[in-house]
Amino acid sequence: MTAAPWGAALLQALLYAALAPLLVGWVCKVKALLQNRRGAPVLQPYRDLYKLLVKEARVAHTASPLFRAAPYIVFVATWLAAATVPLVAVDLPTAAIADIIALVGLLALARFFLALAAMDVGTAFGGMGASREMLISALAEPAMLMAVFTLAMTAHSTNLASVIDHQLAGGIVLRPSFLFALGGLVLVAVAETGRIPVDNPATHLELTMIHEAMLLEYSGRHLALMEWAAQIKLLLYGALISNIFFPWGIGRSFAPAGLALGLAAVMLKLLMLGAALAVAETVLAKMRLFRAPAFLNLALLLALLGLLSHVILEVGT
Amino acid sequence: MTALLLTLLAPVAGAIVLALLRSLALAGWVNLAVSATSLAGAAWLAWSVALTGKVAGLGFRVDAFNVYLVVLTAFVGLTTAIFSRPYMRHVCAQGLTTEAGMRVYHAMYQAFMFTMLLALTTDNLGVLWVAVEGATLATVLLVSLYRTPEAVEAAWKYFILCGVGIALALFGTVLTYFAAQHVVADPAAGLTWSALYRQAGGLEPVVMSLAFVFLLVGYGTKVGLVPMHQWLPDAHSEGPTPMSAVLSGLLLNVALYAVVRLKMLVDGSLAGTPNPHLAGYLLMGFGLISFLVAGLFLHRQRDIKRMFSYSSIEHMGLMTFAFGLGGPLATFGALLHMLVHSLTKSAIFITAGHAAHIAGTQSIDRIRGLIRTQPAVGWSLLLGVAAIAGFPPFGVFTSEFLLLTATMKTQPWLTPVLLSGLAVAFAGLFRHLHPMVYGSAPEGQAPVQANMVPIAVHLGLVLWLGLAIPGYLAHWLDRATELITGSHLL
Amino acid sequence: MNAALILAALAVALALASAASSLLAVRRRRALRLLALPLFGLAGLAALAAGLAALLTGEVGTATLPLGLPWLPSRVRLDALAGFFLAVIGVVSLAVGLYGPAYVRGFERARESLAALGGFSGLFLTGMLLVVLADDAFLFMVAWEVMSLSSYFLVAFQHEHAANRRAAFLYLLMAHIGGLAILLGYGVLASFGGGFGFDAMRAASCPPEWASVAFALAFLGFGMKAGLAPLHAWLPEAHPVAPSHISALMSGVMLKVAVYGFVRFVLDLLHQVHWQWGVAVLVIGCLSALLGVLYALMQHDLKRLLAYHSVENIGIIFIGLGLALLFVATGHALLGALALVAALYHTINHALFKGLLFLGAGAILHSTHERDLEQMGGLLRRMPWTGLFFLVGCISISALPPFNGFVSEWLTFQAALQAWQLESGVLRTLVPIASAVLALTGALAAACFVKVYGVAFLGQARSRHVRRARPVPLGMRAAQGLLAALCLVLGVLPTWVIGAINAVPRQLLGAGLPHATAHGWLWLTPVSAQTASYSAPLVVVLLAAMAGLSVWGLRRGAVRRIRRCDAWDCGFAPPSPRMQYTATAFSQPIRRVFALLFHIEESVSPRQNAPARYHLRVTDRAWGLLYTPVARLVESAARRVVRLQSGSLRVYLGWTLATLLVLLWTVS
Amino acid sequence: MSLTPLPLLQQLVLVLAAIVLLTSFVLLAQARLVSAIHVFAWQGALVAAVTTLVAAAGASPHLYFSALLTLVLKALLIPWMLHRLARRLELDRHVETLRWPTLVIMAAVALVIFSYWLVLPMVQERLAFTRNIVAVSLAVVLIGLLMMVFRQQAVAQVLGFMSMENGLFLAAVSATAGMPLVVELGVAFDVLVAMVLFGVFFFQIRESIESLDVDRLNRLKETAEEGE
């Protein structure tokens, strides 16, 4: 492999890290506007991250080494997972390193350590958050894989690059299976990134929080890494949805022009997606924990319908 | 011939001597010596049979089929005598029986051995009957040796049931003789098995089938086939332990041997008729019923020796089934099973005797923690039961392997029955075995002076047979198989 | 008789020597630790070497033993399949040999008979080795039952507790029934072929319905031993009861021997395969995987929990095997090979990490005498090495990259995703659903091991004796370290492993995975580079690089100090150990979501001047639905039958008369 | 077949056989023990007589010997022993009535018919005039068994057992012209020993349960566990 693809891969890996806070900031801004507030500037997340990074970190007496190692593992795993999702260009070597199943695996690795770290200090909140997080993810994962498999069976591949290539090659085809898969994947994304109605990123109320509960004991750069990882995850799902289902505009080659075009395209898609998310979070209400299974079952059902409709309607026999 | 006479006459002489001998200490040794002599004779006999193929004359007929049973009988007789010498002295010391009782015991022990050997070696169906009846008479006094109400009751039931059964068998014999009269010229030879077997084809089928029913019910009572088995657990549990060992290890075998010999005749006579396998089907039916019912009985036992006598019924049922199944594979398996079962079962009874001695009772609920108290006894009981339950590398597994595969080959739809029966029987044995051997021992339970040699020898042999059947034995059994089924296996 | 076979013979001999030498422990209890267990480890090493030799050279060695039936001298045969499983047995046995000496020290002051422990361990290993080596049904059955029987004695090793005795009884009963079923399966083959030799059975031409009967019998027998649902309930009773290093052997290896038997029987002896079999195996596999992990989540006895996870992983293996059968039956030998490789890969992975986890549990037991999670906590700081290795085991069994568990599940997914090549649409939908179940299982397993590790090793100790825990001796740590290292290696270098495993499908299906390693050791591409690719080495390297980058990036500029303080906990009082989340609490949401599958007894009993007591009992539904009815049936049948023995002599005579009359009637 | 062609001697044989059958009916229903013993003795004597006549008619000399054996054993020795035992056991006043006499008699009749139906096909032309006696002897055997089923009293049971033996002797004589000598002797010996042992057991039983009612010998059973 020549240098160009790897260069592009590195570039886009950095892009992920760089753009992630922006997306969050954008979503918050839109929400604020929808709620007739001026809201914080779009770049506020960057400021927060910087503030946390320069602050000193405080660690509980009862914390074990794992507590301090976890943020790095979580951040790195999420970041690597993101790096395998084509953002601006398709045929990335990183996409070949880990296909979509490995991507799910890397996210699971991050979640595993996040939950462990939450239980490390030995506070009730941590355990509660970990327990709930593992429940949600356990229910979300099959839905996600079913949705992914629908695509994979259409494209006969689990390589994101190949899937997207197949999409582009096919041109605009209206597949019922994709509709369902899209729906399922969106629901899963909402659950996995801890957004309303499954979780509320902006609360510390014991009854409602899941993700935040796990971060309670963190501070300083550790907290920064955790937050950053969460933002990258959101961006990852955004890129996944937008680039798989609406791949148009993504760079087919590694020429700077193509990359720029791809960047512009994906930015546009993500802005729309973020806005949509903000709208949804504004109109929906956070639901009880034990409603979440129903929510995720819906996701699983959609994904399953997608698969069946693929087998029945699109392949036949 | 001399060997045969030695084998037979040693016990007779022994019985007479022991009946007169006053010294107890000596009696045990004499008993042992006589059994040893008889075993030597049996070995010699086996050797000559191996050379010539058949020893016949004086109304005797020793071929591959019965000679290995003769050796087995003499062997188990010897090992049991080894065990019984110290054991019975301990019994006598406990005051369970009197000096006279001991004399009766020793004399009858040898008399019993004689009847067994006679029944095995004779060629005359009438003499066979006499010998089997004699076995009952010889043992019935031993069953009631302890004179407890239970013992007397058991002996009486044993006596009446077996007497009636045997009487029916005699009627069957008469009918056979009647059928023979039209084919066998010399009326004196009308009951010699070999003569009949030679002309079995000419025997009147109707008569023979009737005769077989009587003989089956008669000798079947002795085999312990359900529903004529009721005497068996009583006699085994109430008699002295060495008696249970030889009853279970030998008497049942001999009765089954008689049944098989007669089945051969009936098969010969029914060959041309619409249902040539009548005898086989009867045996299969009885065997299967006994097998299943005994397995269920095992679940509700409270007396250790009773439990193992039911397991004897179960295994007898299995062998009967196999002989009924016919075919070289099943027959070979059944012959092997006879061998390993009597070795294992007598070892188990001996061990159970020690266990009861340790705990001071035969009640399963009060025998506890044997492994803790006396590991040798505990482990050998555990291993013995594992062997009898058909676990390799013990020989019982080998024979059951052959039986099951033979069944799979000929009567596949019966295999689920066999399978569940084996499972049920296994569960029945082990659910009682576990608390007896495992767990912590009750206070003040002390090890006893136990003679582990016979147990070790028996289990060792069974283990050997399970790992590899020596060639000559295989050849031997194969010849027996050929005698019975008319076709080779090897 | 080639080199590999000689090595295997050496392994068997060493195992027997270990069994024999431990008889010395009757007199000198140290003999077990100083002689028997080292020999055990050596036997494992020899088996490992033999297996690898057979796999890599790919040549088949046969020999004849002076054992067996007169017309059927026992033969042994070491081919690729046998070699693979020899290696699996060997590697775990080696670790156990390392681990055992330190572990059994604890027993030397106890009353248990060490001779029995060592002797039956040796026989256990011998049995497993011979099962894998056997080339005829008789030797196979003998070895199989020797394996069951000796492991039963090991389960009954600590027989003071009635519960252990009950577990042992149940275990032996199930083993016996399973063994009989297998025997009958062989009986079918033997009756259509020319006898009990495996070569004769291969040559046998079964009519399809009989082939299905044989398959059903084998599936029943081997599945029973492997602990497939719904017959699994004996397994979590029996495995935890044995001493921990034996539990590792039973869960890690013996179940694999059952898998071996199944593969040998179905893919090797029964040459023709029907797709219905694949469906059956697939469904049962899914059921076991799901039930296993859900019940594991409900346990708080560490060893029981691990045993339930064995059920789950066996389920995953059988999902792979089911896919293999499906593909082979529908004529896709290549995909069959892929699924088979996935199954085998998971087999060895499970052997490794389950062995590792059981050894870890043993280490905890050894230093705290505690099996109950609710009493543990904070062990990571008290036994750091065990903690680290146990973490590796947890990550591997949760199928997270870059460890080995992930690779095998990834391969299984890849196999499932090739379902689009199947003709029948029904199968095409069924298979992905199975893979969804697999995904759910993996996620739940992760949840379960977050619970285990978080409760046992993190947080604070929940009881005094756990607070006093000490690191375990070097030998035990070394054994865990070995297995942990292997977990990582098999996770990072899958191409090499698959290169070795490939010999098995080539032998059984005549087709290997040509593309799997086509792109060098760096890239794992099971079907083709376009379809799917995974580069574990790069993942590890990149993870390390990015971690280094971020650490380095944060080292610059900002404040470096870390201040220790009390936990914040939303500003409540500094948390005490009693305030921690318990294992039961952790699994409560899942218990509530999947409440249908459990039999739950829940009650709160208020007490005077004392906090109320909360009772929770989650029992396996298999008991109520399957086991107790059978037991009740037998009991009632027995109660009816014993009426035969009424005690009245005249009734007995009546029976005789009746029998006689009935028979006479029927005959004439 | 019709009796008329037969010589008088043989007709007499058949008559006696019929009386043997009658005696076993009497035995079955007889309430007083001592008289039952007498009836049994008569039965033995009749069997012996039949044997002699068959020997005379069928000209098979060695039957004389077995006739003698039967007479001594069944008509004299065993009844005498039983009588002595009965006296020593103070049973000579003992009376035991059957539970349902008519029912039992009907059963016995059914057994006779059954055994005749059973024997019918096996009877061939070649067989001597004694063929129908086979049916009688079988009936005697079965009735003896029936008696053992319905009599609770040990001595009575022994009587039943012995009458079974009578039936067997009769069968041996009628179906076949007597068994080989060695067998005859062996059987006789066994029966004798059995009788001696019975005597021994009467005393053992009585000292253990103070009676000879076999229904009270019911300690050994599994059904005791029902309660649990």
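Letters are used for the chains, namely A, B, C and D, taken in the order the chains are written, and counting of residues starts over at 1 for each.
Here, a contact is a pair of C-beta atoms (placed from the backbone, for glycine too) under 8 Å apart; a residue touches a chain by one contact, two chains touch by 3 or more.
Predicted model, so just to flag it, every value in this text is computed and none were measured.
**Q** Taking the mean of all protein CA atoms as the centre, name the chain whose own CA mean is closest to it.
**A** Chain closest to the assembly's C-alpha mean: C.
**Q** Need the CA-centroid distance for the pair chain A / chain C, whole Å please.
**A** 35
**Q** If you average the Cα atoms of chain A and of chain B to get two centres, how far apart are those centres in Å?
**A** Going by mean C-alpha positions, chain A sits 78 Å from chain B.
**Q** Provide the C-alpha centroid distance between chain C and chain D, rounded to the nearest whole angstrom.
**A** 70
**Q** So the centre of each chain is just the mean of its C-alpha atoms; given that, what is the distance between chain B and chain D in Å?
**A** Centre separation, chain B to chain D: 31 Å.
**Q** Residues of chain C that touch two or more other chains: which are they?
**A** Where chain C meets two or more other chains at a single residue, that happens at 639, 642, 644-645, 649, 653, 656, 660, 664, 668.
**Q** Which chain B residues touch at least two other chains?
**A** 156-157, 160, 164, 168, 206, 210, 233, 297, 300
**Q** Residues of chain A that touch two or more other chains: which are they?
**A** None at all.
**Q** Which chain pairs here would you call touching?
**A** Every touching chain pair, ordered by label, is A-C, B-C, B-D, C-D.
**Q** Name, in rising order, each residue of chain D that touches chain B in their complex.
**A** For this pair, the touching residues of chain D are 118, 121-122, 124, 126, 134, 138, 141, 145, 148, 154, 157, 161, 164-165, 167-168, 171-172, 175-177, 179-180, 182-183, 186-187, 189-190, 193-194, 197-198, 200-201, 204-205, 208-209, 214, 217-220, 222, 225.
**Q** Within the complex, which stretch of chain C touches chain A?
**A** Of all residues in chain C, those touching chain A are 377-378, 380-381, 391, 395, 398-401, 406, 410, 413-414, 417, 419-420, 423, 425, 428-429, 432-433, 435-437, 439-440, 442-444, 446-447, 449-451, 453-455, 457-460, 523, 529-535, 538-539, 542-543, 546-547, 550-551, 554, 557-570, 575, 577, 579-581, 585-590, 592-593.
**Q** Which residues of chain B touch chain D in the complex?
**A** 59, 124, 126-127, 129-130, 133-134, 137, 140-141, 144, 147-150, 152-157, 159-160, 163-164, 167-168, 170-171, 174-175, 177-178, 181-182, 187-188, 190-191, 204, 206-207, 210, 233-234, 237-238, 297, 300-302
**Q** With touch defined as at the start, can you tell me which chain C residues reach chain B in the complex?
**A** My answer: residues 66-71, 111, 113, 138, 141-142, 145-146, 148-149, 156, 159-160, 162, 165, 168-169, 172-173, 176-177, 180-181, 183-184, 186-188, 190-191, 196, 634-635, 637-639, 641-642, 644-645, 649, 652-653, 655-656, 659-660, 663-664, 667-668.
**Q** Name, in rising order, each residue of chain B that touches chain C in their complex.
**A** It comes out as residues 156-157, 160-161, 164-165, 168, 206, 209-210, 212-214, 216-217, 221, 226-228, 230-231, 233, 278, 282, 293, 296-297, 299-300, 371-372, 375, 386, 389, 391-393, 397-398, 401, 404-405, 407-409, 412, 415, 419, 422-424, 426-428, 430-431, 434-435, 438-440, 466-469, 471, 474-475, 478, 489-490.
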